[in-house]
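Shared between the two complexes below is chain A, which has chain B as its partner in the first and chain C in the second.
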Partner chain A sequence: MSQAIVNGILTGGLYAAFGIGLSLIYGVTRVISAVHGAFIVIGAYLAQSAWMAFGLDPFLMVPVLLVIGFGLGYGVQRLFIDKVMRRRVVMTITLTFGLDLIAVTGILLVFGADLRTISVPYASVGFDVLGARIPLVRLGIFAVAVILALGLELILRRTQIGTTIRAVSQNRTAAELLGIDTGHAFGMAHGLAAAVACGAGALLALIQPLQPFMGLSVLLIAFAVVVLAGFGSIAPVLISGMILGLTENLAGLYIGTEYQRLAIFVAYLAVASILPAGLFGRRFYAH
Partner chain B sequence: MTTPPERSTRRPWPVLTPAVLIMLVVLVVVLIALPWVLSNFWLRVATSALVFAALALSLNVIMGLAGYPALGNIVFFGVGAYVSGLAAANLGLPAPVAILLGAVGAAIYALIASRAMLSLRGSYFLMATVALNFLTLELIVVLRGLTRGARGVTIPPLVTGDPSTVYDTFYFLFLGLVAVGAVVLIVLRRSRLGLGLLAIKGNEDAASMLGVPTFRYKAIAWALSAGLAGAVGATHAYWIGFIDPGSSFDLIMSLEVFLIALLGGPLLVIGPIIGAFTFEVAGVIAWASFTEAHLAVLGVLMVIVVTYLPGGLPELPTRIRGIVARRRGTHGRSARAA
Partner chain C sequence: MRDARRHGVSGIATAALVGVLAAAVSLPAVAQSPAVGDPIRIGASLALTGDAAPDSKLVRDGYDFWAETVNAGGGIVVDGVARPIELVIRDDGSDRDQAARLVENLIAEEDVDFLLAPWGSGNTNAVAPIAERYQKLMVAPLAASDEIWEQGYRYLFGVLPIGSTNMRPLVPMVQDLGLTRVGVVTTDDLFPLLAAEGVSQQAKDAGLEVVVDEIYPPGTIDVGSLITRIQEAAPEALAAPVDVADALVLLRQMKERDYLPPILAFSGATLVPDFLSNAGADAEGLFGITYWSPALPYADALFGSAADYAAAFEARFGYAPTHDNVAASISGYALQRGIETAGSLDTTAVRDGMLSLDETTVFGQMAFDERGVNTGVTTYVVQIQDGTPVIVSPADAAAAAPLWPIPGWSER
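Up next, the complex of A and B:
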């Protein structure tokens, strides 16, 4: 029981890192980016490759992935999403799913369809707290994920570019009139979101075997986090991630491990339909 | 002289103009004649196109009329396949009964889900339908005592006999389902329900204030959409002879249906039929040379359609004229209109 709770909270930090980028993109551009899952998976595969080729620790790979992810996100926004951003959701989701399929094929062709895993030398290191074992890797993943999410929040709140992004998301026309390059601002927002996603991918690679098609289930988890959190700041996203992590792990403990994914979907649909504004009362959908 | 009231009765989309009528008649004649003309290989391609056309028509009931982007609607295809497949394999029910059960089962499933999901809009509804699809997939896997889980179910044959009889039977079965979908859409859009759905698509809050029972209308539309998708799934299960969770609740297939509905553009009935055949034939030609990159071809198509052809295939002539005009350096009206 306490083990399941510990696992749930630690995984939840990672889920929050998945969700926070999607929340930022939606908040700023009103686009549900289906390619977000692919960014995470690309990060995971790159981390795994670096580990396999050079023995590079995935944690050390995170800064590199932040840069790569930023480039990918900025490029996708400026090249593709910019043109269709103001269209109906049917259009933007089709576009981003199209990009996702292209990315999945790319991953498949480059890395192959075999399962890939990372086993770091300190995988079995851990310590015991209140009868639950806390593996060092999972604690590290949790810490890095939370740092990534906090870093994103800091950039948005405390820097010039963060202010610009918030201005554009509040009123695009007014921002344009003030001379803000909105296209660049949207690109920066998507770039930051994708950077966090890509970095979080390295963390995912540490705990799950990788396969090219895992992007969709990762995307659904990220979206579930957004639905639970509503639109807002970092705290709801972190708490939502942990709620999902706990749901998953407690369902695994009490019902059976094959019910874990089912539990996440049930929790997601239940919250979406009973509390459409999210758990924290911030209404964020229905545009 | 046009007075405002007359303006307001203007139909919201192209209805039976002579051009559309001629297209419809030609289409029907061609579709009925195809089995006598095509080789078995191309008949299979055409049958597959009909499957997608029927699914896109069913999607149009909820997306085209009510404006609800049910991306995960393939869930009802899967439910239909499983209800009828299990009814046939476990209970030994005859095929027509099993297929009917599949359709009814899918419609009931939609009604159950509608309570929770039809209050969501836009992206939220869209992602919720995707979640519903995977929730159902997981349920099928977990309830293996009833559903045989991930191992799948073998379906008894619908017809026996020489291959060409079997091919023809399924071609006409799916053609029948396409016809049902077309009739449902045509009847709906002339009915009070259909007009209510269009009002919901236009502005749901305004429609609700004007007295349209929005929830009931949406639920009925979704159930109809699901019933048709369920019937297609059930028939498809007999066609393939085997179902499993992965292929019955396949989001890629749902994306293909979505793309075909987009290709149809504002032509809700003829559009998906032409879109499905274009898609299938193009697919056979393109995927034969890019088997490895099958998904990327689909992805590129999706990106191109959204970016350059958001109005679907009906927009293609104007687009081409625009490009030709620009090539000639005449930046005239047609270029700008495109």
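Up next, the complex of A and C:
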């Protein structure tokens, strides 16, 4: 029991990191981004490559990935998504899905289809607390995921650009009348979201063998987290990630491991149908 | 000067042309080699990208190696005409629906003569009905799922024994070691489920206690609760017939938890190069299942001995072949022997030819029953000892004794 709770919380932190960017993008731009999983996978592959080439620890690669991810997200927003943002939702989904296909094919061309893993020397280091094992790697992943979430929250609440993003998400027309460059603000929002996704990719690379097509299952988890949290706010996303991690682990332990993934999506469906605004109500960044 | 050079060049060219013509005219008379005919076109849909790509690459290399070996010898002689092999391989991206479409396309549009199957039971199951509908012979290297062979497919052959028998040889080994508590965990997929059911049943029949018997979704990111269940049950030997990616996740997360059962056996995954290169030193001591080793005293007319096969394969592809590679090569060879026995490319004649086979290959004995299943193959338990897979059971073929318990993570 204690082990399942520890696992659930630690993995939940990572799940939250998958979801946070998706939530931010939707909260600010109202775009449901299917390319989000690709940012995570790109981050994972870059972390694995840095590990292979220079022996660089994936945790140390996170700051680099934040920068790269920011550039990718900003570029994708300004070059592509901007063009269709005011169109119907099917247009933005089709576009981001297309971008995802291109990204996956690119990953395949650059990195090939072979499995890739990172095996850090401290992989078996851990602590025993109250009969539960806390692996150092998992603790590190959890800590970095939470730091990424809190950092994003700080940027949105305490910086000029954060204020701009929140203003734009609250009332785009009013922001434009005030002379705010909304395209730039949307680019910044998507950049921040993709930065966290890329950083989270390095964390994923520490626990999962990399394959070019892994983005879809990651994206599904991100969606489940965000639906549970309600689109557009950060603290609930963290809590939702942990709820899903716990659901998965406790279901695996008490119902059976064959039902653990199903449990995630049952929770997703239950919340989506009973509480369509998410467990935490409808609360956007601007409020 | 320029003119002289030009004359010189054309003079040499003329001489060469005459020589070639002379050789072309005289060669058939001297060497009595058969005339070279059109290639035999053999189609296959493989997962060159996607989830199944690491496993499918082994199949592709195995097919290529067979075709290259045959072509180096001139081809398959049919009716006095040597016909080279032309493989027509398409990438299904690990998508079974796409595999079915591609196979239909290979038959209907590309006009292939025969088919080789994709990697794995699930994929073979997806394309077998198409081959059946068009009455094209298809040989499957790695379709061990029992169900496939109960469908009554007339045009499908498989070179592996059926899957439920895959991990059974583990049971007598565990008994010989005096152990009684075994566990079985597997992913919710065709072959893994069958292999798990087979070894679980065999263990119970042998009077062993199955203390944990779990199924989990393939591709699970967090197998923590599974490991908790295993730890609580504390099996002395754990059988986990999962694919390479799932095996890596399970091994990695056991390491995070500083846990390892005294005996841990994956199925074929233990021997896949992608697994060994990614697991590195963590693979030491792991058990696995194979149908083949280069050390076995098998041989045939095409590849020579099992050791010859291994040496030539490694020289060509840069890695030591696994049973997946050999099974793929032997799938081609089975088709070849069928064609040679039939003396034609007629589907019914080749099918009869294959059913009549009973001979040794580099893969062991090859004899197909009415279902199309190869009943000649022996299954071995291997262990990674000092970085190399060695056969540890059954005793009469073992190159070393099984070492257990596998050293714990802190003892490495």
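The rule is simple: the second predicted complex is superposed on the first by the 276 of 287 C-alpha atoms of A that agree within 3 Å, B and C clash if a C-alpha of one lies under 4 Å from a C-alpha of the other, contacts with A are read in each partner's own complex, and residues count from 1 in each chain.
To be clear about the criterion, a residue touches a chain if its C-beta (ideal position, glycine included) is under 8 Å from a C-beta of that chain, and two chains touch if they have at least 3 such contacts.
Since we're looking at a predicted model, the values are computed, not measured.
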Practice prompt. In the overlay, answer first, second, both or neither for which of chain B and chain C A:K83 touches.
Written response: first
Discussion item. Going by the contact rule set out at the top, does A:A224 touch chain B (first), chain C (second), both, or neither?
Written reply: first
Practice prompt. Kindly classify A:V146 by the partners it touches after superposition: chain B alone (first), chain C alone (second), both, or neither?
Written response: neither
Worksheet item: If you stack the two complexes on chain A, which partner ends up touching A:L99: first (chain B), second (chain C), both, or neither?
Response: first
Discussion item. Is A:E258 touching anything from chain B or chain C once the two structures are fitted on A? First, second, both or neither.
Written reply: both
Worksheet item: So, A:E248: does it touch chain B (first), chain C (second), both, or neither?
Response: second
Practice prompt. Based on the superposed arrangement, let me know which partner A:T11 touches: chain B (first), chain C (second), both, or neither?
Written response: second
Worksheet item: Both chain B and chain C touch chain A; at which residues?
Response: 108, 217, 258, 261-262
Worksheet entry | Complex interface listing, chain A residues touching chain B | 26, 32, 80, 83-84, 87-95, 97-102, 104-106, 108-109, 216-217, 220, 223-224, 227, 258-259, 261-262, 265-266, 268-270, 272-274, 276, 285-287
Discussion item. Touching residues of chain A toward chain C in the complex: what are they?
Written reply: 3-4, 7-8, 11, 108, 113-117, 119, 123-124, 126, 133, 135, 137-138, 204, 207-209, 211-214, 217, 221, 245, 248-253, 256-258, 260-262
Practice prompt. Show which residues of chain C lie in contact with chain A when the two form their complex.
Written response: 48-51, 53-54, 57, 94, 185, 188, 214-217, 219-226, 228-229, 244-245, 248-249, 252-253, 255-259, 274, 278-280, 282, 409-410
Worksheet, complete the sentence: chain B contacts chain A in the complex at 63, 69, 71, 115-117, 119-124, 126-128, 130-132, 134-135, 138-139, 141-142, 251-252, 255, 258-259, 262, 292-296, 298-303, 305-307, 310
